[in-house]
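Heads up, there are several structures right after this.
Okay, so chain A shows up in both of these, paired with chain B first and chain C after.
Take a look at the complex of A and B:
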C-alpha cells in the first residue's frame, strides 16, 4: 500500500520534472542543436559567386586541408592555445593550492573573480597599451637605453596574443583548478605526509589522481577558449598571429564563403578533440591518470617502503 | 614565499586594469609615462557621444532581458534535475552543459546561419537569444549545485502538511533558492554585458557597449577607450557589490530569524 502510494507520488514528481525541463530543452533544441546540425549541413554546400548551392561534397574540407596557409593557421592556433593553457594552469596552481589549504575565507577567490568581470576587451586594450610600439615596455626600455629601436615582436605576434589570453582566462583556470582541489581534503594530504611521502609524491600519488578530471577539464577549457578566440588575434596577432578562429570569423563576417567557413569550424572541432585524446594518452603514458592498474605492484611498494625505512 | 607569489599573481591580474583606469584620468592623450596630470577630459568626451549612450542603453536592455529569460528557463531546468529519473537527468545535464564546451565563435556562426535561413532580421532580439544560449549553462550549473544540496524531503513535507504545489514552491523552495538565483542572475547580467564573441555575428544595425568599444579599437588607439572601459567596469562592479550586499543581508536576516523563532513559544 505504502509502496504503491510512493510510486504514484514519484510518477507525479517525474512528470513535473519533465514539464520543468521542457522549456529549456525546447530552447536548446531550437537554438543549439538545430543551428549546429544546420552548420554541419552547410559545410557540405557550395558557394558559387556568393550564392549558396546545396550540395553534398567534401570539397570545402579538402580545399581547406590542402591549403598550406590554412594548416599554418591551425598550427598558430594550437601554439597559442596550448601555450595559454599551459602557462595559465602553471601560474594558477600555486594560487589555487594557497586558497584551498591556506585560507579560511573565499575573499581571495572573490577578488580574483572580480578581475574576470573587468571586461574582455578592456584587457586586450590594456595589453596593447603595454606591449605596443609606443607602449609602456618599449618606451621604458628606450628611455633606459637598453634598446635603440622599439621591439616589434612584442605586439602583433602570437606572443602578444598568448600573453593577453593568459591574462584573460587565468581567473577561469584558477576557478576550475580550485574546485578540483576542493575534492582533495587536507586529511588525505596529511595522511600521505605522515606515511612519509615527499611533497612531490603527495602531488603525483594523491592530489593528481583525485583531482584528475578537474585538472584535465581546466586545461582543456582554457585551451579551447584560447585556441577558439578570434578577437585577440585580430587586434594583437598581426600577420604572424592569424588563427583558424580568425579565418573562420572572416568567412562569416565579411562577404566570405560560409560553407567553407563551416567546414573549417568542424575541422577545428576535430583538432580540439584530437588534442583532448592526445592529452589523456600522454597522461596515461606518464602514469598520471587515476585507475587501479596504474598503482605500482605490491613488490614495488614493499621495496619502496623498505627503502624509506633505511633512509 | 607562496604568499609573495600570490601577491605577484594579483599584481599580474590587476596592474593592467589599474593602468587603464589611470590613463582614463590622464590630462593628455599620451598613453605612456611620465604621467602628466589628472583630468576628466576623456569622460566628458565620451559622455557627450550619442553613439556611446545608445550602445550603453542597448547593452542594459540586452543584459536585463537575458538575465530574466535565463533565470526563468534555468531555474525550472535546475528544479527538474532532482525530479527526473537517471537517464533523462543525464541527458538534460549534457544538453544544458554542452554550449559551454564549444567556443563562442562556433555558437555565433551557427546562430548566424540559423537566423539567415529562417529569414530572421538580426536585431537586439537575436542578440538576446545568443546571450541566453551562452549564459544558460553557467546559470544552470550555479543553481543545480544548490538544488542538489537542497533537501527534497522539505518539499514533500510541505505537501504532506497540505500545501499545494504552488504554495510549496512559494513558501519553501523559492525562499531557500533565492540567494542562489539572485547570484546566478547577476552573473548572467555581467556575462551578457561583456559578451562580444557571439554578438559580432548576430547583431544588426544597433550596437552594444562591447561592440562599440571593439569598433573604436579597430579604428585607432583612442584614449577615450580608457574612459569607456572604466565606466563599463564601474557598472559591472556596482552590480556585483550590490548583489554581494543583498546576499550578505539575507544571510544575516536568516540567522536573526532563526534566533527569534526559538524565542516564540508555539
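Take a look at the complex of A and C:
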C-alpha cells in the first residue's frame, strides 16, 4: 500500500494523530452526518396529518420548485447572501490590509472584535432603532427636511437585512482575510512592484491568488450564513425579505412538514454548492486562482524553440 | 555643503547626488554621492545598519530619499515609482511567488509589460538555460532547493533586461558550499549578459571576489569607494583599515614631514613612508597600519640599530592556521603586533619568548588619520 517502509515512529505519530482527530470526527458523524443522511431520506417521504410516511417520491422537491413563493425566497436569499458576502469582504479588505501592512499593533482588530461581545439579537434590535420608521436615520432626514415621509425601504426589507448581516459578519471576514494576508509578505508585494506591476495589478496578480483561500473562504462563509439565516430576516426582513431559511424553519416548527422542509434544505444546499462552483470557476477563468500554469509543457516549449532556431 | 552639478558621464547609468535619508530621528544615509557605471559589479559593503540596504531600496524605488536626487542617465528618477524604473531586484529571501511555477515566475515581469506570448516564451526559455534551470520549468516554488530558488530569483529579475540588477545579500540564506558555487555563477552570468550589478553584502570575501568596485559604508556614510585592491592596500580611514581583513594599527606622531615623505614615531620604533603624505606637519597625531602578511620576522640582532619601519619584540603567542601561522609579538610597551608567515611544513620557526625583529616595506604600510 505504501511505497516506502514505515518506521515504528511513523506508526506512532500516525496513531497519535488519529487519537487527536477522533473526538471531532465522532462528534461530526453523530451530530452532522447521521442527521443529514436522515434528513435526506425524509426529504423523499410524505407528511400526512403531522405523521411521517415512508415513501420514495420527488414530490417534495417538485412541490417546492414549482411554488413561485419558494423560488422567490431563493432569489431573496441569494440577493441577501451575495450582497452581504460581497460588501463584508470588500469592506474588510482595506482594514485587513491596514492591520497587516501598516500597523504594528492589533488594536484596531480588537476594537472590531469587540462587537462580538454583544449578543446577536441585541445587535439586530439596535439596527431596528437605527433603521426604523421613527428610527435614527429617518428622524434625522425628516428634521433636516431631506425627506417628507419616513423611508420605508430602510426597515423590513432585504436592504435592512443586508446592512445588519454585514455588520454581524464583518469581524469574521476581517479575521479570515487578515490571516490570509499574513501569507502575503511585504516582500511579495515589493517584488511584484519591482517587476513592473501597478498597485492594482499587484492585487490581482499576487495578493488575491496567494490569499485565495482567505478571500474565497470569507466570501463563501458569509454567503452561506447570510443566505441561510432566518433570524435577521424574521425581525427585519418584512414581507419582501422572507428567505428560504425562514421558510424551512417554518416547515419544521409551524407546519410540521419535515419532508417538505428537508427537501427545501437540500435544494438550498444545492444552490450553495452551485454558487461555490461558479465562484471558483469564475476566479479560474480570470486566472486569479493559485496553482495554474500559463505555459505549455517543457517538451512543447523546447520543440517550439528548436523550430524557431531552424527558421 | 557643496552641491555637485557636474554633467553626468555617458558611462554612468545611475547617479546619486547628495542623498540623505532619515527615518524619524534616525539618520540612515548622509550625503551620498556615487555613480553606478555601465557593466560593473558595484558592491555596497558594511556592517549591519550601515545604510547599504536603504541605499539599495532607494535605487529600487521602495524608499524615497529625504533630500538629494537620483538620476538615471541624465533623467531625474527620484520620485519614480518602482514599477517604472528600469532596475530589477533579487530579494534576500527570493520572494518567489508561491502560486506560480518556475516558468511563470520568470515570465511575470514580461507578461506585466504585455509582451507577445511568443517573445515571453523565447526569453524565459533562454534565461532558464542561462541559469541552468531549463529542466525545472514546471516545478512549483516549494519544490526547489535554496540554490535553485536563488537561480529562479536571478532569472526572474534578469529576464526583464534591467539597466541595473540589484542583489540584496543574495547568498546570505545559502550554505557555504553552494554560496561559493553561486558566487562563480553570478560572475559567469554577469559576464555573459553584461548587466550592471549592484550587490549588497556584509561579507567582505564576497565583495572582494565579485566586485569591480566596492563602496564601503558605515553609519550611513560612504567611507571609501574603490577597487577591492585599493580598499585593501590603500585604506583611507581607520574604519576601512580595520574592516577589511586583519590590520595592525599603531598610534604614532609625525616627527619629520617633507616633500619626499614623513617619518612617524610610535612606541617601539619609527616608520618612514615611501611617498609624500600631503597635509601632514610635524607633531601631528596619526596611525600607521600594516597587514600581518606584510610583516617580516627575523631573530633579533644583537646591539644593532633597528632603523625605520622596524621594531624589536618578543614572541607572545603562536597560532598555526592550516597553511599559515600567525605570531603575536609583544612590543616593550605591551602592544601586540600580528605577523603572518606561510608554513612550508614542519613546526614553528620561532618559539614563545624569543626576541625578534619585526620589519616591513615602506610601501606596505599606510599612514592614516584618526
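Here is the rule we go by: the second predicted complex is superposed on the first by the 266 of 311 C-alpha atoms of A that agree within 3 Å, B and C clash if a C-alpha of one lies under 4 Å from a C-alpha of the other, contacts with A are read in each partner's own complex, and residues count from 1 in each chain.
Definition applied: a residue touches a chain if its C-beta (ideal position, glycine included) is under 8 Å from a C-beta of that chain, and two chains touch if they have at least 3 such contacts.
Remember, it's a predicted structure, so these values are computed and weren't measured experimentally.
Of the two partner chains, chain C is the only one that A:206 touches; chain B does not reach it. The wider contact with chain A, measured as residues touched, comes from B rather than the other of chain B and chain C. Applying the stated contact rule after C-alpha superposition, one finds that A:152 touches neither chain B nor chain C.
Look at A:111: by the touch rule set out above, it reaches chain B but stays clear of chain C. On chain A, the surface touched by chain B in one complex and the surface touched by chain C in the other have no residue in common.
Remark: chain C residues 60-62, 81-84, 87-89, 91, 93, 95-101, 103-104, 107-109, 111-113, 121-122, 124-125, 134-135, 137-138, 140, 156-157, 160 touch chain A in the complex.
Within the complex formed with chain A, the chain B residues making contact are 2-3, 5-6, 9-10, 12-14, 16-17, 19-20, 23, 31-33, 72-74, 76-77, 79-85, 88, 92, 95-96, 98-99, 101-114, 117, 129-130, 132-133, 136, 140, 156, 165, 190, 194, 196-197, 200-201, 210, 213-214, 217-218, 221, 225-226, 229, 232-233, 236-237, 240, 244. On the chain A side of its complex with chain C, the touching residues are 185, 187-188, 190-198, 201, 205-206, 209-210, 212, 290-295, 297-298, 301-302, 304-305, 308. Chain A meets chain B in the complex at residues 9, 13-14, 16-21, 23-25, 27-28, 31-32, 34-36, 38-39, 42, 91-92, 94-95, 97-98, 102, 108, 110-112, 114-115, 117-130, 132, 134-136, 139-140, 167, 170-171, 224-225, 227-231, 235, 245, 248-249, 252-253, 258, 261-262, 265, 269.
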